[in-house]
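Per-chain numbering from 1; labels A, B, C and D assigned in written order.
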Amino acid sequence: MSEGELMMIVAAAREIADGETVFVGMRRPMLAFALAQRLHAPSAVGLYENGIVRQRPTTPVARTMGDPRMTAGATWVGGMATVMGLLAQGHVDLGLLGAGQVDRFGNLNSSYIGDYARPERRLPGSGGSSDITSLAKRCVVLLPHQPQRLVEAVDYLTAPGHGSGSGWRDGVGLPATSAGTTVVVTDLAVLRADAEGELWLTALHAGATVEAVQAATGWPLKISDALRQSAAPTEEECAALAALRQG
Amino acid sequence: MSEGELMMIVAAAREIADGETVFVGMRRPMLAFALAQRLHAPSAVGLYENGIVRQRPTTPVARTMGDPRMTAGATWVGGMATVMGLLAQGHVDLGLLGAGQVDRFGNLNSSYIGDYARPERRLPGSGGSSDITSLAKRCVVLLPHQPQRLVEAVDYLTAPGHGSGSGWRDGVGLPATSAGTTVVVTDLAVLRADAEGELWLTALHAGATVEAVQAATGWPLKISDALRQSAAPTEEECAALAALRQG
Amino acid sequence: MRTDNKQMTLDAAISRYVKDGSSVAIGMALEASIPFAAGHEIIRQKRHDLTLIGPISDMLFDQMIGAGCVKSVMAAWVGHVGQGGGHAFQRAVEAAVPRAIEMRDHSNFTLTLALTAGSLGVPFIPTQSTLGSELSSTNVDLIERINPLNELGEPLQLVRALHPDVAIIHVQRAAVDGAAHLWGPLGLAKEAALAARDVILTAEEIVPADSLYTDPNRIFIPPFRVSAVVEVAGGAHPAPVAGYYERDHSFAEDYAKSTRDVAGMEAWLRLWVFGMPSHADYREEVGEERWGALRTAASVGAAPIYEGGHA
Amino acid sequence: MRTDNKQMTLDAAISRYVKDGSSVAIGMALEASIPFAAGHEIIRQKRHDLTLIGPISDMLFDQMIGAGCVKSVMAAWVGHVGQGGGHAFQRAVEAAVPRAIEMRDHSNFTLTLALTAGSLGVPFIPTQSTLGSELSSTNVDLIERINPLNELGEPLQLVRALHPDVAIIHVQRAAVDGAAHLWGPLGLAKEAALAARDVILTAEEIVPADSLYTDPNRIFIPPFRVSAVVEVAGGAHPAPVAGYYERDHSFAEDYAKSTRDVAGMEAWLRLWVFGMPSHADYREEVGEERWGALRTAASVGAAPIYEGGHA
């Protein structure tokens, strides 16, 4: 795991407050959530789209949410309808998810690169992401910082962020209780949405510069007055992450 | 149990063909269904609104469908949504139910006698009856033959039969796969709906006459050309019914 | 993993989560596992203006209506499943005694859809069921509209989502963190609990959470959605509980006989509700002999499952 | 009670219930209990023009698409849950290799609602989810309409009900009459099976029906809705099955590596599908050692339940 990748997981984990209900996506989000559970958020509740609710971390972390260790000792196991229904009722504090592309207004594309009718590249698709950004109170998106991934406007809008900006979510009918993409965590930086839904650079990981981040970002990035350096991963975070990834 | 009551249960049981899926209402329908299961319909499948699917009769018959003996040895136990969903999908051959009133066109009232806004008498309500007559392929209704129960037009339409007659069900939007009330079985007689949905007298139980039935019926009853005498309860039917009712 | 301890007394749970004017889903498993003890505590605390929600309630709705706690009822069927009509319910609707109640008549399926819609966080679910009936004339939550997906202009009954303020569910066993196992017929128990703002579980037994987590597929609802857990052995009597006790048919018949008039109703409530400071007193009044007779016959246990491999 | 014997070979079940052009719900429990053996049999029988339905399928959709069986896909996510993208899926969408496929892009929740609507026998369910997204541009089953219950003119996404021709579900144990126990994550397995015209169960073990009826609350769906029961031990490999075996991560990684180009895809299918006349051959090819390594660690059994009293 590269330092940037490690920092991405750690920074995402830090977004989770203790006791929160978190809808946890595949792969990186599973790792970030498990890390938070092991450290500062022991009573966070994880909801998984396959129909698992889990409060106890697995060690090592499961490779997929369908692995038997995810079921054993879970706090609830059943169907997708129940966990999605809890999400739709507004019971999820935080969605933690990946994406193929994210744009200036936090919209996500996980479906098509290029024109969807004749795509250059097909990505796996929404999974739960369209539901999570529609319905969770707030969302943290994890993805590598590359100019083809952080783009001015997504090629295809899989999961609604703030569309074209202020007022858009309300206009298209999304619930007022959901704020869409609120934070983007990459291997270089942390970006946060302002009241209009535009993503601002708010923190730089070790080794990253504003220039490098701007060069890897497909729109003219607004820089927060409070721009700060991300706290380096602590020994505790590194050790916990290593334990989670073993085996 | 009076002879008329016994004949009502027996005649209703005879309406159940082997292998049918039957939505079974409370009390009399439970007894009629259990009788059929014990005799000529051993592979009939009973669906109960509390969320039980049962192929094995209980002996004696349960007093309520929530009694533990209904769960033990059931073929499926879960929720109301699943059994109601099977009904709505058209998987139920026959509904077996009671009613407070039935009218000429097989509409049922199980809610209000008199004006519903200022009722003379409040009955328990639809339960599943409105769903069963809306959605089951056909329905057998059991009730005592009394002029205040078999009426020209129900005081309140709880469960749709054929409304005002031919074409009504289609007009209000009920599914074409469902025929509403097709048979009414009383302690005096059997009435069957014609193609327009009107109930005709088709069989008389032992001791009943056309005149007595007409006197106990609130509309000028049409008499089938093929009017016949109900076959008397067999020894087998009587013995099975006695066994079901013991305890 | 920190777990909240949500265990409290029945008194505390009702006083905290059931307020005057609350909408209360109770008796969601139909004839089985009806939270009678919780209902009686609501009566004892003299809650009023409640809206009761439940498909088919056996005598509990009748009792709460007879006690004057109820303003409104959303139900498919109200009465006494052994006898038919419920006397107190009839008096309330026919003669406004002890007070008038407002009916929202549902069918079983429309109430199913209302609570399913609530549990799914969707505003309504459409159905063909009950079209042509008069249920919508007493129920503003059933709205006939043209099918928006259909060019032919066919009507549909739209059933508005329902979110009870509180759902009270009686389970076989629960842990203090809100994990619980409920089996036997479920009716609308899950949908109601998932759609409700608060969930009170009354349980035959309180057990260690880890014993329930050996079978997470049987956990009733995600524990974080449970507000209160109350130990009430015998808390469904006279309703049955699978694996614990049978329906007390003769108790139920006595209730029907005793409540034919207002004086009888009041006497019954004095004896079985107001006369019992707690459910322990009620259990004692029912008596050991009766409890023994109600105990379910021994049965073979369920086929075991293992989340990991077999030991 | 007469019980039909619905047991048949995998070959017979697929040949009888999966036709060219069928819509097939498969892999409904997401990453777990995916009916890979059944999918491979479909490939072996060279079915074509199938519509695949499933929220998140791991590699099985990729394989069936790569084998040219598929015309259309209704899914939220298609790929390889360990690696991300599926090579065959990408080739089909990007380059129509081996054939073009039509996508109906769902989110997890819209597919949930489509199959829930099917299972409830209702024409659609509305939601606020996915509003503002472009999913409806590739999916005619998502229709934006004004909320008919709302005077403010707010939009809703109406999700049309889905009824698969056949649902194929892998379970831990089943009886010949269609009774089955499935545990672990369920995803949309129940909704898909209830909404489908035919249901094929593939099972790790065939057991006597009465052993399953000791726990009717765990019976998967009412047995009369099941068309075929097939014994296929190991039938979900390389997907995991709770209580039986782990996911075979390295097998899955090998698949991803092997199928980067068409030749590799064809070679993989020749080796693991066409080269295996039956699943018994496949099981043998996987090998005892590998099966042993995948076996789930021993675990404590589930807390017992009794329908009657405890013995």
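Please note the rule applied: contacts are C-beta pairs under 8 Å (C-beta built on N, C-alpha and C of every residue); 3 or more make two chains touch, one makes a residue touch a chain.
The model shown is predicted, which means the values in this text are computed figures rather than measured ones.
Enquirer: From the centre of chain C, which chain's CA centre is farthest?
Expert: A
Enquirer: Between B-D and A-D, name the chain pair that shares the greater number of C-beta pairs in contact.
Expert: More contacting C-beta pairs are found at A-D.
Enquirer: Taking each chain's centre as its mean C-alpha position, how far apart are chain A and chain B in Å?
Expert: Centres of chain A and chain B (C-alpha means) sit 56 Å apart.
Enquirer: Give, as an integer number of Å, the spacing between the C-alpha centres of chain D and chain B.
Expert: 39
Enquirer: Between chain A and chain D, what is the separation of their C-alpha centroids in Å?
Expert: 27
Enquirer: Counting only Cα atoms for the centres, state how far chain C is from chain D in Å.
Expert: 35
Enquirer: Taking each residue of chain C in turn, which ones touch at least two of the other chains?
Expert: Residues 116, 120-122, 127-128, 156, 183-184, 186, 190, 217, 242-243, 296, 299, 307-308 of chain C touch two or more partner chains.
Enquirer: Mark out which residues of chain A touch at least two other chains, giving numbers and ranges.
Expert: Each of 52, 68, 71-72, 77-78, 81, 84, 87-88, 135 in chain A touches at least two other chains.
Enquirer: Okay, what are all the chain pairs that touch?
Expert: Touching chain pairs, listed by label, come out as A-C, A-D, B-C, B-D, C-D.
Enquirer: What residues of chain C sit close enough to touch chain A in their complex?
Expert: Contact set of chain C toward chain A: 1-3, 118-122, 179, 190, 194-195, 213, 216-217, 219, 221-225, 307-308.
Enquirer: Would you pull the chain B residues touching chain D in the complex into a rising list?
Expert: Residues in contact with chain D: 21, 37, 42-43, 45, 47, 52-53, 55-57, 68, 71-78, 81-82, 84-91, 135.
Enquirer: So in the complex, the part of chain D that touches chain A is made up of which residues?
Expert: 29-33, 55-56, 58, 75-79, 81-82, 84-86, 89-90, 93-94, 105-110, 112, 116, 127-135, 137-138, 154-156, 183-191, 239-243, 246-247, 249, 296, 299
Enquirer: With touch defined as at the start, can you tell me which chain D residues reach chain C in the complex?
Expert: Touching chain C: residues 113, 116-117, 120-128, 143, 145, 147-150, 156, 158, 160, 172, 181, 183-184, 186, 207, 211-212, 214-215, 217-218, 242-244, 295-311 of chain D.
Enquirer: Flag every residue of chain B that touches chain C in the complex, lowest number first.
Expert: Touching chain C from chain B are residues 26-27, 48-52, 63-68, 70-72, 77-81, 84, 87-88, 111, 116, 119-131, 134-135, 156-160, 163, 168-169, 172-175.
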